[in-house]
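Notes to accompany the following structure.
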Amino acid sequence: MTIHIGVVGTGMIGQDHIRRITDVVTGADVVAVADVDFDRAEEVASGINARALPTGHDVINDSLVDAVVVTSWGPTHAEYVLAAIEAGKYVFCEKPLATTAEDCLRIIEAEQAFGRRLVQVGFMRRYDAGYRSMKRVIDGGEIGSPLVMHCAHRNRTVPESYHSEMAVQDTAVHEIDTVRWLLDDEIVSAQVIKPRKTTKRFEHLQDPQIMLFETASGARIDLEVFVNCQYGYDIQCETVGETGVVRLPDPADVWLRSSAQLRTNVLQGWEQRFAAAFDLEFVEWVASMHDGRLAGPSAWDGYAAAVITDATTEALHSGRVVAVTLKDRPAFYGS
Amino acid sequence: MTIHIGVVGTGMIGQDHIRRITDVVTGADVVAVADVDFDRAEEVASGINARALPTGHDVINDSLVDAVVVTSWGPTHAEYVLAAIEAGKYVFCEKPLATTAEDCLRIIEAEQAFGRRLVQVGFMRRYDAGYRSMKRVIDGGEIGSPLVMHCAHRNRTVPESYHSEMAVQDTAVHEIDTVRWLLDDEIVSAQVIKPRKTTKRFEHLQDPQIMLFETASGARIDLEVFVNCQYGYDIQCETVGETGVVRLPDPADVWLRSSAQLRTNVLQGWEQRFAAAFDLEFVEWVASMHDGRLAGPSAWDGYAAAVITDATTEALHSGRVVAVTLKDRPAFYGS
Amino acid sequence: MTIHIGVVGTGMIGQDHIRRITDVVTGADVVAVADVDFDRAEEVASGINARALPTGHDVINDSLVDAVVVTSWGPTHAEYVLAAIEAGKYVFCEKPLATTAEDCLRIIEAEQAFGRRLVQVGFMRRYDAGYRSMKRVIDGGEIGSPLVMHCAHRNRTVPESYHSEMAVQDTAVHEIDTVRWLLDDEIVSAQVIKPRKTTKRFEHLQDPQIMLFETASGARIDLEVFVNCQYGYDIQCETVGETGVVRLPDPADVWLRSSAQLRTNVLQGWEQRFAAAFDLEFVEWVASMHDGRLAGPSAWDGYAAAVITDATTEALHSGRVVAVTLKDRPAFYGS
Amino acid sequence: MTIHIGVVGTGMIGQDHIRRITDVVTGADVVAVADVDFDRAEEVASGINARALPTGHDVINDSLVDAVVVTSWGPTHAEYVLAAIEAGKYVFCEKPLATTAEDCLRIIEAEQAFGRRLVQVGFMRRYDAGYRSMKRVIDGGEIGSPLVMHCAHRNRTVPESYHSEMAVQDTAVHEIDTVRWLLDDEIVSAQVIKPRKTTKRFEHLQDPQIMLFETASGARIDLEVFVNCQYGYDIQCETVGETGVVRLPDPADVWLRSSAQLRTNVLQGWEQRFAAAFDLEFVEWVASMHDGRLAGPSAWDGYAAAVITDATTEALHSGRVVAVTLKDRPAFYGS
């Protein structure tokens, strides 16, 4: 049985997920798409023998659509996710789940009212082989209780439209989810430190930033976000426990000895770095729908990310330590 | 349009390829299978909603079957591949293409008579990301002309049924194909050196073996085959050129610091080491059939591997350098 | 011409330096020693054919002594260094130069009054090959202007006498000097973050600690001090510049593949990690005395370290960001 | 008590050892030197306050000279070593001990006649930290019984005067001694394989060469000698045992991420690669003379190296496997 998917938003990431569902994932296909740019929707649809519909709501409510992928503009996410829940359909929503914590709460309430999980949020790092191996090491007790994490998130460059808050909302949000998941712990406060700005930047942008997080159990995380590091896309993560330290590997490529150096390539984009993770994310999402039990990042994780990024953004502006105040976690979302 | 595949041989590797075509590859499905053990064929068929047919020839000649995968017992390969060519169908044959060079030649002649490529041989290392990166480096001139290659092929253990000739025919055959492909050069002689046998072995088995190859251009390759190395599955390859050296990376996994050591896991089996390569092999095979132009390892590569492994086996027994005598390469198979 | 050295303090580190001057360094010997434990001084002296004198002042003022090494108890350092300056003799003082910033200032003033440099402070990391290579990379502009540094200082365990302030005064002080030297920049503020304490500790000890420093140019440094990490002695340092990142290597030892793992040893103590640095420190100190021009860490560096560690200690207690207030740097000590 | 050393031969390596004895080693000094170029001898002597004597024999027989270092032209080694033995003085002889196996035998006989060890041969790799660590791993049984070794000896370039036999006599001789020492086993045969020559060479030179050795216990060694590899000085060594594999590390230097690459420097010369080994070689030689018990590479090791390099040279010319025929090892030289 094939799961028929409708995609709302056919921009770059939407098209990439459509290609993934079409070419990589078995057991699912894309049958309907919509976009604010209807011509683009039609062009994408024609390439995969799907229908372009006038609006996202038309896609969500289409009788042939079993599940929805939301890859539209962030501010529209909540509306479409809520519509999908109302239609009783599974919905995969790219981050952010919603642009405000309030909207995330509305989604959580709607999902609970529906009675079982329908929503998955696109935190793809949980599907990366390296992070999964790190989680096995931590969960297996191989480093003892985690005390400290050191993270770095570096991009080669960002466009001029990228502003300082996006370092939190769009960039650090990945580490925020990853930390919560790896440590099985909740972030309770945030602080942002502003190093001297790189001169290889746009004047308006605070880059790099050092973000500091504290968890409920007292673990401390430092995260360097540096989105104009010039040399490549580089994700580093190290967890320090009571008896050992576990570290993500650098991606493996051939080693070259020439011209007095030993060297290997650094990847240049997140598309390459997390290509396999994106694939697995959709493979497992489709498999979990076939099983009838979602297992990926939940609406609660989307809500927590929203509250934590809000606190971190406030910390960026205030220079102070900002407490994260989450609602009590409903039993519906596990412990 | 979906390519309907028939699978001849539903043992371990056959089942794995069926799973791959079903779960990983898009644009193809398995519609018919056969096996010497009909019950096994039926069991496999039922799991994927395909038909079990009495014989491999029934599968090959089935009107619904567009392409054939041959994963039966080695000595039967030639017969099925020839039948597929006669039926004008694409055929993917696991190594070996045939158990004798003569049978390989019959296949080459039949394929040429048909007039275009139908046969692909299952040398999956050409689809491994590391080897592909190494090939890009060599082809790009980054190390100058290749002069020497150092290879190691280590398995944790082998069963008692594994005998000394299998180190050549089943194990080294992978490096033999890889060397020819990486260097774009032909192997012209072989020698085998016998170190003291490991005591962690069966008495009958010469393990390890050091195989030495020479290519037409004068490059020299040494290959350690050690199939009871105890510690894991470990594939090493280094190419030394006039101006530089390129080396395969070890697979990337997390690094752990604990108990006075810095360490990472060594993979234990070829299934893990080459899982992504097997997947890509089938993805590209199916894509190339959709395009109507096979690009993977050809019947000629299968023939060359047969002649070279025969020479190497003779070298194992004689202790001498044995010349490899290939027919002239037909223009049909490129230069 | 041999430089005759007198050593004040013949405890563990004093004995190690005596062995170094005797067995490793050419062009110098130890002719007189003193210790609060006169028996110990006599025992040490007899082993190297030197004289044990009643007090440190006797050593400093001995007519045969050309230069002094102060390795006595920290609170006595200032007194002996001042005495050496008064005697017009070169003096190598193990860290700290003095236990108070005021005493450091007295030394600076005395040295300036004398008219040329006599004092060198024992910050041995400046002599480590890895750090020196990092400094060459930074100074050569290979990573652009430094913006961020990530450091970790991990010890296997510490004795019960080690208390939380020592993480700053005895441990972090090495990174404090190293950062100043590597970046050629001054630290202007400090903050200390307290993760959950490891349970593999003594109750009184805050371990680990995360220290945050800011420099005059706006670079930011995070330093994890974790003195009961259990697995070994591990020094990590990474400098992030505008165009690249440079990282200390792990010490090189053989790589072992066995039992499903690829692994290498982690050193267990600072003695092994910095053995070559200690040797070079004394070789260069003696050579610089022969040249008549001290080049190593100066009394000013000792003073700065004292002020910064005081501020960091205050930050540890207060939880706040504490400004570092240094006197203006005299031209005597370079720019 | 200082050991007074006389040096015969003040060329580049002689001057380097003189500097080492003078500046690095404690407990020894150089008091007399000789050279075929007396002016050079005088110049060197004046720099260290030693005497230049007319001939090597004058140095050896000088009453102030306790021990001799022979760093003259290879063909003169045997004569000076025999003279030192006749004078009853310790003698450190740079490789080769003698240019013929016959002369080595004369030295062995003279030394045995004298009644205790006086001769040490300059195989400095036994003093390299990495090789020593590898030996500890092998001797400790951590990889089981050794079966195979893979070695590579690469130089950036060699001068035109370097000819094909020097790849054996001057270059491979280091691995020949190292293999014997690491495996505690004797080499019994040699074969040389000639890859296509690099075009970055002088026409007369066979470069690279692959040398194959067999030991008495049946271990097999392959050694790539490539003295115009262009990219640096690179020494690789891997020992494969019944249960594991141990490999030399690459020298540790900082890691740089910039311009889309992760890279570290490759050393360019043996002087840098083995600087610490050379130092330790002399430190331990001097210490062993103080103890009265030589422990380094013996005249027997020098003899074995001569016989094995002779066999390997014959193998280079003949293309055949050449047996190594050593005399029985006298009990005088241990088992």
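Note that the chains are named A, B, C and D in the order they appear, and that numbering of residues resets to 1 at the start of each chain.
In this section, a residue touches a chain if its C-beta (ideal position, glycine included) is under 8 Å from a C-beta of that chain, and two chains touch if they have at least 3 such contacts.
Which chain is which protein? Per UniProt: A, B, C, D = Inositol 2-dehydrogenase.
All values reported here derive from a predicted model rather than from experimental measurement.
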Which listed pair, A-B, A-D or B-D, duplicates the contacts of A-C in over half of its pairs: B-D
More contacts between chains, B-D or B-C: B-D
Turn needed to bring subunit A onto subunit B - CA fit, degrees, nearest 5: 180
Length of the line joining the C-alpha centres of subunit C and subunit D, rounded to whole Å: 38
Inter-chain centre distance, subunit B versus subunit C - centres from mean C-alpha coordinates, in Å: 58
Centre-to-centre distance between subunit D and subunit B (centres being mean Cα positions), rounded to whole Å: 44
Where subunit D touches two or more other chains at once, by residue number: 230-231, 234, 243-245, 250, 257-259, 264
Contact set on subunit D toward subunit B in their complex: 144-145, 147-148, 150, 152, 193-196, 198-200, 208, 210, 212, 217-220, 222, 224, 226, 229-231, 234, 240, 242-245
Residues of subunit A touching subunit B in the complex: 22-27, 129-130, 133-134, 137, 142-143, 243-259, 264, 276
Complex contact set, residues of subunit D against subunit A: 230-232, 234, 250, 257-266, 268
